[in-house]
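The two complexes that follow have chain A in common; it is paired with chain B in the first and with chain C in the second.
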Partner chain A sequence: MNRVTILCVEDEPEVRDALVRDLDAFAAVFRIEAAEDAEDALTVVQECAAARDPIGLILCDHMLPGKLGADLLVELKDKPETAPARKVLVTGQAGLEDTIKAVNNADLDHYIAKPWTREALHDVVRKYLTDYVIDEIDDLLPYVSLLDGPRLLEAQKDRSPHE
Partner chain B sequence: MTRTAGRSNPVTGSTMTRGRWIGLAVAAAAFTVPCVVEFPGLSVEGHRVFSIFLAAVVLWITEAVPLHATATIIIFLEILLVSDKAILATPEGFTPPSYRTFFATLAAPVLMLFLGGFFLAHGAAKFNLDRNLARVFLRPFGTSSRMILLGLIGITAVFSMFMSNTATTATMMAVVLPIIAQLPPGDRMRTGLALSIPIAANVGGMGTPIGTPPNAIAIGALSQAGINLGFLQWMLMAVPFVLIILAVVWLLLGRFYGFAGKTITLSIDSTFNTTRQAKIFYVVFAGTILLWLTEGIHGMTSSVVGFVPVVVLLSTRVFSSKDLQSIQWHVLWLVAGGIALGVGVGKTGLDGWLLGLIQWGEMSPVAILAMLSVVALVLSTVISNSATANLIVPLAMTLSVSEGITISPIVAAVFVAIGSSLAMALPISTPPNAVAMSTGAVRTKDMVVIGALVGAFGLTVFLLFGQWFWSAVGVLP
Partner chain C sequence: MSSDDNKATGYAIICVDAEPDALAALRHDVGEFCGPRMDVHACASAEQALALVEELATAGIRVALILTEQILPGISGVDLLLAFRERPETRATRKVLVSTGMDVLDLSRALNAGALHRTIGKPWTCEGLGDCARSLLTSFFVHHAPHECDRFKDLLDANQFPRAFATARHQQRAANLHIKTLTQSFLANMDMSDEEVENALGAGIDEALGEPPQQHHPAGSILLRQGEPADTIYVLVSGNVQLSRTAHGREVVLHEHAGGRIIGLLSLARRQRAFYTWRATTDITVLPLSLERLEAALQTNPVLSGYLVTSLIRTMAARSKRTAKLLVEVEDLNGKLRGERDQLANILQLLEDSQAQLVESQKMATLGQLSAGVAHELNNPTAAIQRAADFIREDLGTLLEELPDGDKLAAAMRSALTREPLSTAEQRKRRAALSRLVGDDALAQRLVKAGIQTPEEYRSSFGRSSGKKRDRLLDRLERYHQLGLSLRNISTCSKRVIAIVDSLRSYTRADETPVADVNLHEGLEGTLLMFSHATREVEFVKEYGDLPPIECHVGEINQVWTNIVSNALQAMHNKGILRIETDAPDADHVRVRIIDNGPGIPPEDLDRVFDLNFTTKQGHANFGLGMGLTICRQIVAHHGGTIEAASQPSRTCLTVVLPVRSQLGSNGG
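So, the complex of A and B:
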C-alpha cells in the first residue's frame, strides 16, 4: 500500500525489458510496472488504484499499437489517479505536432530520445520522482537515499512531526 | 505548471487506520476508569482531570490522533468538565477556573517567545541565511576530516539553538549528503558524519529557551508558577553542559568512525541574498537575538522580545500572509496543551494526589532529580520529547514545592526538559534521528550505541554538576 509506482508503456518486448532493467535501481522503494499498450496501461492504473499505490511517473513510448503515446498521456492526465503523475515520452518517432500536443494537453514533463543511456534515464527519473513526491507525499524521508536527497530534506523541513 | 493542489491525492491521502481506532478506544477506556473507580483522597474535580490526564497519556503514546490534536482535546475537555463553563455541575467548595484560563494557554507568553523563534527560523530558510552561514563558518575548519567533523558539530549545535532541531538537521544533512555520496560505501566516516548532525542538533537544542519545545514547556510551567526564567539565564544554565557533551561526541565519533588522518573537501554553493527584504531580515535577526541576550539591561522579557520579529517582519512586508501561514502553529498548540494540562492538574489537586502515591520524602534531592530525568529520558526515547515534557513537567513542578522536598522548581522543570532532549537512542526517538536514518548511511545499531552513550553521559554530567554550577553562577537562589 502507498508504494509510488513507475509505469512504463512500451510495445516491443526487448525495449520494455531494457527499460525495466535500467530502472532496477529504483525497485527498492518504488513499484515498477510495465504495460504493452494503452489498454494494458489502463488496466495497470486500475490495479494500482485498487492496491492504493499512486502512480508517480509514466514513461511512455509514442508508437503504440492502437493508440499513440501522446494521446494516451492526454487521457491519463484527465484521470484523477494519474493526473498528478509526471509524464515522460520515451521515443524516437514522435513528430513535432504530436509532441506539441503532449506538451499542451498532457502536461508532458520531459522527452527522452531513443536510444537512451542508463545515466540520462536515471537523472530524468530521479528529478521527476523528486518533484512528484514533494508535491504528493507527506513523509519524504523514505526517498532521501534514492532521489534528490538535499532537495527532499529542504522540503521536509516544513512538514516534520513534533520533536 | 499546476497539478493537484498540494498533497490531497485521493490515492495517498491519510486516514484513520485500524491501529489508530484501537488507540482511540484505549484512550476512551482510560478516560472512563476514574469515572467508575473512586480513588480515596482524590477530589471529584481531581477525578475528572485524572480522566483527561490518562486519555492524554494514551493518545500521546499511541499517536492515535496527531499530538497537537490531543492538545486541543485536553483544552476542550477541561473547559467542559472543570471550568466555570463546565457542562457538568462542579462540586461545592471547588472554585472552577474561568474557561478563559484554558483558552488563554493557546496564547501563553512562552508561545510568543517560540513564535519569535519560528519567525527567525522561517526567515533564515527563506533567505538562505542558514546555508550561507554554514558555508562561512565551516571555511576556517579547513580540510582535515576531524576538524570538519568538529565544525559540523559546532555549527549544527549553534543553529539548533535558534531553529528547530529537525529543520537544523535537514539543512546540515543537505550539506553533508554530497560528502557522504563521494565516500566509498564501506567507509565508516559516512556513518560518523550522518550521526554527528542529529546528535549535535538534539544536544544543541537544549541550549536556549527556543531551541526545542520541551524548553518552552518548562519555561511555560515556571511562568505559571510566577517564576521568570530569562533567555540568558537559560543559556547560562545549559550552554556549558552542551559544550562538554559536544566535545565528548566529537571525540567519540572521531575515534570510532575512522576520521584520523583523512581529508574532506566541502563545497557549499550559495551566495548571500542582498535584496532589501533580506537585509531587513538580517537586521531583525541580529537585533532580536541581541535583545534576548540583554534582557537584564532593557527589562523586556524574552516573550515580549519574541514578538519583535513578528511585528517588524510583518509590518515591513518582509513576511507576507503566506509566510505567516507557513509557521508551524501545530508545535505551539502542542505546547499549549501541555500548559493547559498543567493548569488542570494543579487547580484540582490531582498533582498532589498523584505524587502522594510515592514516598518522596525518603529520597535525596539528587535521587529524585535522577528519577525524574531518567523517566523523561526513557519515555521520550519512545514517544515525542514534547509530549514527554507535557506529561512530566507539571508533576515535577508540584513535587519540587511539596513538603519536605528541597529542590528548586527551576531545577525540577529544567531537568525534565533536558531528560527529554537527551533521548536519542532509537530512530523513532526524535525526528532528527529519522532524518539521519533516511540517508542510508547509519545502521540502527550505530544509533543505539552512540545515542545511548551520549544520553547517559549527558544526564550524568547534569546530575553531578548541574545544581552546583547553577548556584555558582547565581541562577539559583
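So, the complex of A and C:
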C-alpha cells in the first residue's frame, strides 16, 4: 500500500533529530522522511514519487543553507508531486516579509515558531494531514485512529452514498 | 427594482478601512477591476462589515472577497477575518489583509486559522490588486460556485477560462481615425496665404453689411479686458493688438501680435468671459460686430464661413506655436529647478546617511554592552547543562552494567554518542539496504533508530533470533540509542552556546587600555557571527595564516572588521563570496585582507573611499561608504597601521596592516 509521506526539511542535525522523534507517533501509518537542505528535499520528493508514496505534509525550516525555506516552499508548490501537500514553516527566524512571501506565493498553511512543543506540533500535523487525506485519498478509514477521527468519519460517510 | 438587481448579481466584495481616503481608493480600484458585475461595498469598521454581512446574507448575496486594513477602531482586521472564517456564510469568502501595520504574530494568527489568503502592502498598484482579486475570485468560484464560472468568466483567470475577447476598442480607434482624416482634408484645401484669407474676409464682411462704421482707438487703449463678458467681435482693419493675462497679480504678455484679425470670437462663441486682455500697441482701426451682425454677414455670403474658419484656425495655430515656445521655456526653467532640487535631495541623503551611520554605531555599541551582559549570564546555565549531560552518561553506564544484555545496550548508547552523524541521504541509503535484508520497511526504520545501520551490525546484534525475542531486544536497543542521541545533542548544542558566548565576549571586550596577546582571528570570527543572521546566502572563504598575537584595542579593531564587512556585504547585496585572508608579511606586522565579489568601486573614486561622507554618484556603488571607512582609517592609524582599498569589478579588497607591537603604549600608557 502506498504511504502518505511527511517531509521534514531541517539543516541542523540535532533539531532534525528532535523533530523526527516528535513525529514518531505518526510513523505507524505515515512514511516520515528527513532532508538536510533544499537539494536533498527534492531528492526525497523524487524517491517518494518513484515509490508512488504521495507527500502529504512538508515541515520546513526557514534558514536553510543556500536557500530560504519560504523559497523552497514556493518551488515545491509549483511541482505537481508536492502541489497538493500541506505546507508548514517551522522556524525561529522568518521575518514578516518572508512569511508574507510564503503566504502569497506558496499557499503556506501554518507557521510554527521554535521552540515547539510536542502537543502543538501534533495538533498542527493532525489537522493538516486530515485536510490532506480528505482532499486526496479515497479510503479514509486507515487514518481514523491517528488523525481527526470524527472529521474523517463524517467525510467518509458523506462520500460513500455517492459512490 | 434594485433588490432584483442585487439578486441578479448575487455576489459582493467588501472593502474595510477606517481611513476615508484609503477606503475610497480601495473601493474605486476594486470597482475598476470588477466593473458593474459585482457589488463593491465600503465599510469604515469591522463592526460595520459584520452588520453588512448579516444584511447581505438575508438578501441571499454571498461575499466572494473581503479586503481589510489591519488597523481599525474596535475589532482589528485580523479579528474581522477570523470572524468571517467562523461564520458559515463567509467561511468560503477569500480573505485579504491590505495593510502596512501588521506583524508576524497577527499574520500567523490569521494564517494558522485558515483566515488569510493574501496580503497586499500599501500603497498597492491597480495591477497588483487586480491580479490578486482575479486569482482569489477564480479559486472562490471554481471551488464554491462552479456553475457561476461562466457568468463571471471575464473576472476570472484567463488561463482557466480561455475565451476570445471582443475588441470593441479596435472599432472605436478606426472611427477616430476617420474624423482625423476629414479634418486634414479640409485644411489641405486651403492654400491661400494668411493675408489673402484675411483680406477676403474683411472685404466680404464690409460688402455683406454695406460698409459698416469703423472705430479708431489710440495706442494703449483696451478693447477687451480679461474676465469681462465678451459681447462684441472686432475685425482689426489696421494697427497691432497685444494679448495678455493677469496671473498672481502680474500681467504677463502672452502674444505680442494678435496673430489674426478677428478679436474675441472664441470667447463670444463659447458665451464666456474674455480670456485675454486685448490692448492696442499702435493706433488701430477696428470694425466692431455683434454676433447677430456677424451671422447676418455669413448668411448673406456663405463663402465667408470658409474664410472665417480658416482665419480662426490659422490664428489658433499661430498662438499655439507661441504657446509651445513658452512651454519649452517653462520646461527649461523646470529643468533648472529640478537640478537644484536634486542637489538638495543629494545633500539631504548624505545627511540622512551620516545620521543612519551614527545611529548604527550607537546601536552596535549598545548591542555590544547588552550581549556582553547576556553572554556572561548564559555561561552558568550552559555549563550546568553540559556537566549534567556528562553525569547522566556516566550514571547510565554504571546502571547498564547490572542489566541483562547490558553490554549490547551500552554499545547502542555509545554508538549514538561517538559516531559521526550521517547525511540524510546516506541514512536513507542504509535504511533501504536494511529493508532489503529484513524485507520490512517499518522494521528497517526501527533498526536505524536503534543505531543498527548495516547488515553486519544486524547480525551481530540479533544473531539468528527473530519474532518476539528480537522485537523485545530491538525495543530496548532503540530506547538506549535514542537516549545516547539525546545526550549527544545536549552536549553538542551546549558547546555551541558556549562558542557563541565566547565569540560575543571577545567581540565586545570594551577596553580602554590596549591589550597584549590578542588573537585577531577571534575578533574576525566574532564579527562574522554578528552578521550571521544576514549572510545565509554568502559563502565565506577563510584563509587564516599563522598570526602572532598582537597588542591592540580589541573593541576598536573589531569595529574596523565590522565596518569593512558591513560595507562589503552591502556591496554584495548579501549574496556572493566573501574571502578573509590573514598572514604576517614580516615579523613585526600582521595583515588582514577582506575581499568581496560585489560590483567594485570605479578607479576614479577609489582614492576617496576613506574621505568623510564620500558616496559614489549614480548610486552605482551604492554602499554606505560614508563614515564607516573613515572611522576604520582613524582607528588603524591610531594603532600605527595602514588601510588600503583596491578594486576591480567582482573583486574589491580592503587590506589592513597592523603592527604586532602597537605604538599605543607610548601615547596612551
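In this section, the second predicted complex is superposed on the first by the 159 of 163 C-alpha atoms of A that agree within 3 Å, B and C clash if a C-alpha of one lies under 4 Å from a C-alpha of the other, contacts with A are read in each partner's own complex, and residues count from 1 in each chain.
What we mean here is this: contacts are C-beta pairs under 8 Å (C-beta built on N, C-alpha and C of every residue); 3 or more make two chains touch, one makes a residue touch a chain.
Owing to the predicted nature of the structure, the values given are computational and were not obtained by experimental measurement.
Engineer: Going by the contact rule set out at the top, does A:13 touch chain B (first), chain C (second), both, or neither?
Structural biologist: second
Engineer: Is A:119 touching anything from chain B or chain C once the two structures are fitted on A? First, second, both or neither.
Structural biologist: neither
Engineer: According to the stated criteria, A:43 is in contact with first (chain B), second (chain C), both, or neither; which is it?
Structural biologist: It touches chain C, and chain B stays clear.
Engineer: Using the touch definition from the top, say if A:149 reaches chain B (first), chain C (second), both or neither.
Structural biologist: In the superposed model, A:149 contacts chain B only, not chain C.
Engineer: Touching A:63 in the superposition: chain B (first), chain C (second), both, neither?
Structural biologist: So A:63 only meets chain C here.
Engineer: Return first, second, both or neither, reflecting whether A:103 touches chain B, chain C, both chains, or no partner chain.
Structural biologist: After superposition on chain A, A:103 lies in contact with chain C alone.
Engineer: What residues on chain A does chain C touch that chain B touches too?
Structural biologist: 109
Engineer: Per the contact definition, I'd like the list of chain C residues that touch chain A in the complex.
Structural biologist: Chain C residues touching chain A: 102-104, 107-108, 111-112, 114, 116, 118-119, 121, 421, 423-425, 427-428, 442, 445, 482, 485-486, 489, 492-493, 533, 536-537.
Engineer: Where on chain A does chain B make contact in their complex?
Structural biologist: Within the complex, chain A contacts chain B at residues 2, 48-49, 52-54, 80-81, 83-84, 107, 109, 135-138, 141-142, 144-145, 149-150, 153-154, 156-158, 160-163.
Engineer: Would you pull the chain A residues touching chain C in the complex into a rising list?
Structural biologist: Within the complex, chain A touches chain C at residues 13-14, 16-18, 21, 27-28, 33-36, 40, 43-44, 47, 63-66, 68, 93-96, 99-100, 103-104, 108-111, 113, 124.
Engineer: Contact residues on chain B for chain A in the complex?
Structural biologist: Within the complex, chain B contacts chain A at residues 1, 3-4, 6-7, 9-12, 14, 67-68, 125, 164-167, 170-171, 173-174, 177-178, 205, 212-214, 326, 328, 330-331, 334, 384-387, 430-432, 434-435, 437-440.
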